[in-house]
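Take a look at the structures below.
Heads up, the next two complexes both have chain A, just with different partners, chain B and then chain C.
Here is the complex of A and B:
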C-alpha cells in the first residue's frame, strides 16, 4: 500500500511539474497532432482510406513512445541541470521506486497523444472510430501505456549513466517507430530486423492496438507486451543499482 | 570580416550544445538518417513516392535539424549561459554579430546533409549520377543558408520569449509535414501548401530531386532562386526582429529572464 501510494504521489508530482513547463506542454500537445496529420495525408495520398483509423492509432502510438523516450530522458536531464538528481539518488528508497513514477507519468502523458490523434482524426478528417474490438481497445491502450512506462526505467538507467542523454534520445525515436511497426507492417522491413522487433515491448503494444482496431487476437500480443515490459522493469531496476554505484564511483552523476 | 568569421566560429563552439562527437553523431547524423530510412520504407509500403523522392527530400530536410536548433542555441543559449547582456553591450553592430552566426550552422548543415544523402543512398541502393552531384551540392548549400537564417529568426524570438525550445521543437516537427519532403506537396490542402511554400527546404528539396533525376541548372533554377529568396527574406526578418526585441528587452528589463 505504501509503495502504491509512493508511486501515485510520485506520478502526480511529476505530472504537476511537467504541467509548469511550456516546453513539455507545447511539445506534447502539438507534436502528436502534427504526426497524426502527417499519417492521415500519407495514407490519403496512398489511396488507402480504409486504413486511416490504423494510421491514426499508429501515430498515437508514436506519440506515446516519444513521450516516454523524451520524457524519461528529459526529466532526468532536467533534474541533473537543476541539481536535484543527487537528492533523488540519495532518497531512502530503491532507485527504481524513485524513477518509476517519472517514467509512468510520461507514459500517462503519452496517452494524450493516443486520444488526441483519434479525436483529431474524427473531428477534422471524419475518420470513423469503428474499432473491431471496442472494449479491448481501451484496455490495450492502458496496458501498453503502463508497459512503456515500465520500459522507460531501462532508458532511465542509461540516461543517468551517460552525460549526453539527449544524443541517445534523438537517435532512438525513429528506429523504434520503424522496428515496432507503428505506421507500417514489420513484414515490409528486412528479415534481420524481425528478432530485434520481437524483443521490443513497443512492437507488441502497437500490434495489440492494431488488432483491437482492425481485428485479430489482441490478448496474446498484449500479454507479451506486458511480460517483456516487466522483464525490462526488472532489468532496469538492477541496472539502476549498478549505474548508481558506477556514477557515484566515477563522480559523474551531476555532470551535465 | 574578423568579427563575422572568428566571432561566429567562437560563438558556434561555445553555444552549440551538440558539438561533442557523441551528441553530433547521435542527434545530427543517426537521428536524421533513421528519419530518412523510416520515410523511405513508408514510401515503399504505401507507394506514395519512390526512393529518390524520400532519400533526397529527407537529406535536404536534415539541414533543418542543425540550422533550426543551431539558430535557437545561437541566441537562446546566450541568455541561458548568462552572457546575453555582454553581447548586447558590445559597441559593434549586434545585427552583424548575430547574422554572422548563421555561417557555421550553414556549413554544419551542408556537411550533415551530404553525409545523410551519401549514407542513405548507399544503404537503400539509390543511384545518383555523378553528373548530378555538383547541382545537388548547390541545392544543399542554398538550403543550408536559408535554414540557418530561418533558425536565426526563431532564435531572435529568444530575446522575447522565455522558452524558445518549444518553438524550435514544434517547427522541426511541422517542417516534416509542410515542406513536401514526405507528403507530396500537391496532396496537402492549399493553406498547408501556402505555409510550406514560405518555409526553407520546400523548394530546395524539389530542386534537389530534379537534379538527382538528371535536370540541369536551368531546370532547377526557379526552385533554387525561390529558396535563395526565402533565405534572404528570413535574414532580413531576423535582423528586424533582433533589433525590435533587443530594444523591447532593454525597455522591459527582461534580458536575463529565464
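Here is the complex of A and C:
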C-alpha cells in the first residue's frame, strides 16, 4: 500500500511539474496536430483512406513512444541540470521506486498524445472513430501506456550512467517508430529487423492498438506487450542498482 | 566513544578521458587521505578554499560518491556497503539555487520528498508544518519556488534536508550567495539543530561562520586535513604573530612575492574588497615590518594602515599558505 501510494504521489508530482512547463505545453498542443497531419497525408498519398484511423492510432503511438523516451532520458537529464538527481538518489529507497513514477508520468503524458492525435484527426480531417473493438481499445491504450512507462525504466538506467544522454535519446526515437510498425507495416521492412521488432514492447503495443482499431485478436498482442515490459521493468530495476553504483563511482550524478 | 561520522584514509580520484583516436586519461586527486571522527550531536566544520576537497569529502560521506580508497561509517553503517541504512539517517543540504523543483510550490516539494524519504503518511502534515515554521516559510509555502529569493531557497533546502529527522545532516556551503541577514538566520537555524542533538557537518569558507558555530574545525587544503581543533586551538596557530592590514589601490601582481621575502614576514596576501585591495601581512610579533612593507609598496596608492592581533582567519590563512607551499 505504501509503495502504491509512493508511486502514485510521485507520478502525480512529476505530471504536475511537466504541466507547468511552457515548452511541454507547447509540444502537447503542436505535436499531435503534426502527427495527425502526417498520418492523414501519408495514407491519402497511398490512396488508402480506409486506413486513416489506423494511421492516426499509429501516429498517436509515436507520440507515446516519444514521450516515454524523452521522458526517461530528458527528465533524468533535467533532474541532473536542476540538481535534483542527487537528492532523488539520496532517498532510502530502491532506485526503481524513485524512477518508476517519472517514467509512468511520461507514459501518462503519452496517453494524452494518443488521445489528442485522434481528436485532432477527427476535428481537422474528419477521420471516423469507428473502432472494431471499442471496449478493447481504451484497455489496450492504458496497458500499452503503462507497459511503456515500465520499459522506460530500462532506458532510464542507461541515461543515468551517460552524462550526455541526449545523443542516445535522439538516436532512439525514429528507429523504434520504424521497427515497431507504428506508421509503416513491419512487413515492408527488411527481414532482419523482425527479431528486433518482436523483442520490443512498442511493437506489441502498437499491434494491439491496431487490432483494436481495425479488427483482430487484441489480447494476445497486449499480453505480450505487458509481459515484455514486465521483464524490462525487472531488468531495469536490476540495472538501476548496478548503474547507480557505477554512477557513484564515476561521479556522473551531478553536472560538476 | 560513539561516533556519528568516522572516516579513515578517505581518498577520491576523478578520472576523465579525452580524445577518440588518442585517448588521454587525466587524474585529479581531489581527496588524498582524510581521517576524521565526529561525535554525536557535534557541530563540526570543514573549512577550506575552493577546490580543497570539501564537497568531495561530504559526497563520499553521504553516499553520493564511492571513495577510491579508505572507509567511512555514518552511525556505524558503512557508506559503500550499507547505503540505504546510511541514507535513512542523513540529510543533505547544499548551497546555491539548484536542487528544487522550481515550477512547483514549496509545499509540493516538501510533500514529494517526505514521501520519497519515507516519512509516514500520518506524520507528513505535522512535520512539514513544523519545518516551515522552523525555517520561517510559513505563509509562503503555496508560492512557486521560482519566485523565491536565494535565502528562501536555502531555507527550503534545509527544511527538505530535515524532513525525515536525520541523525546527521551535511550542510555544504549553505550560506553561499545569501545576504547577511539571511545568513544570520541560517546560522541560528544551524545552531538550533546542533542544540537539539543533530550531528552537523558544515562546510564553508566563511571564517566567521565556522568560528561562531563549530565545536571543532578541520582545515582542508590540497585534499588533506591540514589542521584540526576547536576554534580557540586553531587560533593559537597564529600565536607569536602580528598582522598588518593595508588598504591599497593597484597593487602589482609581483608585490606579494617581494613582501614575503622581507625579514620577519611570515605570510602576505591580498584580497579584493570592492574598489579597494586589502594587503594582509603576517609577521613575527617582535618584528616591526611596517616601514619595510610600505617602502616596497612605493608608488601604490595607500589608504588606512592598521596593526592588530591575529584572528582565526589569520590562522587559517597561515595554515592554507603553508599547505600550498608544501604542495608546490
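In the analysis below, the second predicted complex is superposed on the first by the 255 of 256 C-alpha atoms of A that agree within 3 Å, B and C clash if a C-alpha of one lies under 4 Å from a C-alpha of the other, contacts with A are read in each partner's own complex, and residues count from 1 in each chain.
The working rule: a contact is a pair of C-beta atoms (placed from the backbone, for glycine too) under 8 Å apart; a residue touches a chain by one contact, two chains touch by 3 or more.
Please read all numbers here as calculations on a predicted model, not as lab measurements.
Asks: Between chain B and chain C, whom does A:138 touch in the aligned arrangement: first, second, both, or neither?
Replies: It touches nothing on chain B or chain C.
Asks: Examine A:86 and indicate which partner it touches, taking first as chain B and second as chain C; both and neither are also allowed.
Replies: Once the two structures are laid over each other on A, A:86 reaches chain C alone.
Asks: After the superposition on A, what does A:10 contact: first (chain B), second (chain C), both or neither?
Replies: In the superposition, A:10 contacts chain C only.
Asks: Which partner chains sit in contact with A:30 here, chain B, chain C, both or neither? Use first/second/both/neither.
Replies: Only chain B is touched by A:30; chain C is not.
Asks: Identify the overlap between the chain B-contacting and the chain C-contacting residues of chain A.
Replies: 21
Asks: Touching chain B in the complex: which residues of chain A?
Replies: 21-23, 25-27, 30-31, 34-35, 37-38, 41-46, 48, 162, 164, 166-168, 170-171, 173-175, 177-178, 183-185, 188-189
Asks: Give every residue of chain C touching chain A within the complex, in rising order.
Replies: That would be residues 14, 62-66, 84-85, 87-88, 90, 92, 94, 96, 98-104, 108, 111-113, 115-118, 121, 144, 160 of chain C.
Asks: Within the complex, which stretch of chain B touches chain A?
Replies: Per the stated touch rule, the residues are 18, 20, 22-23, 25-27, 30-31, 34-35, 37-38, 41-42, 44-48, 162-163, 165-167, 169-170, 173-174, 176-177, 182-184, 187-188.
Asks: Which residues of chain A touch chain C in the complex?
Replies: 2, 5-6, 9-10, 13, 16-17, 20-21, 81-84, 86-93, 98, 245, 248-249, 251, 253-254
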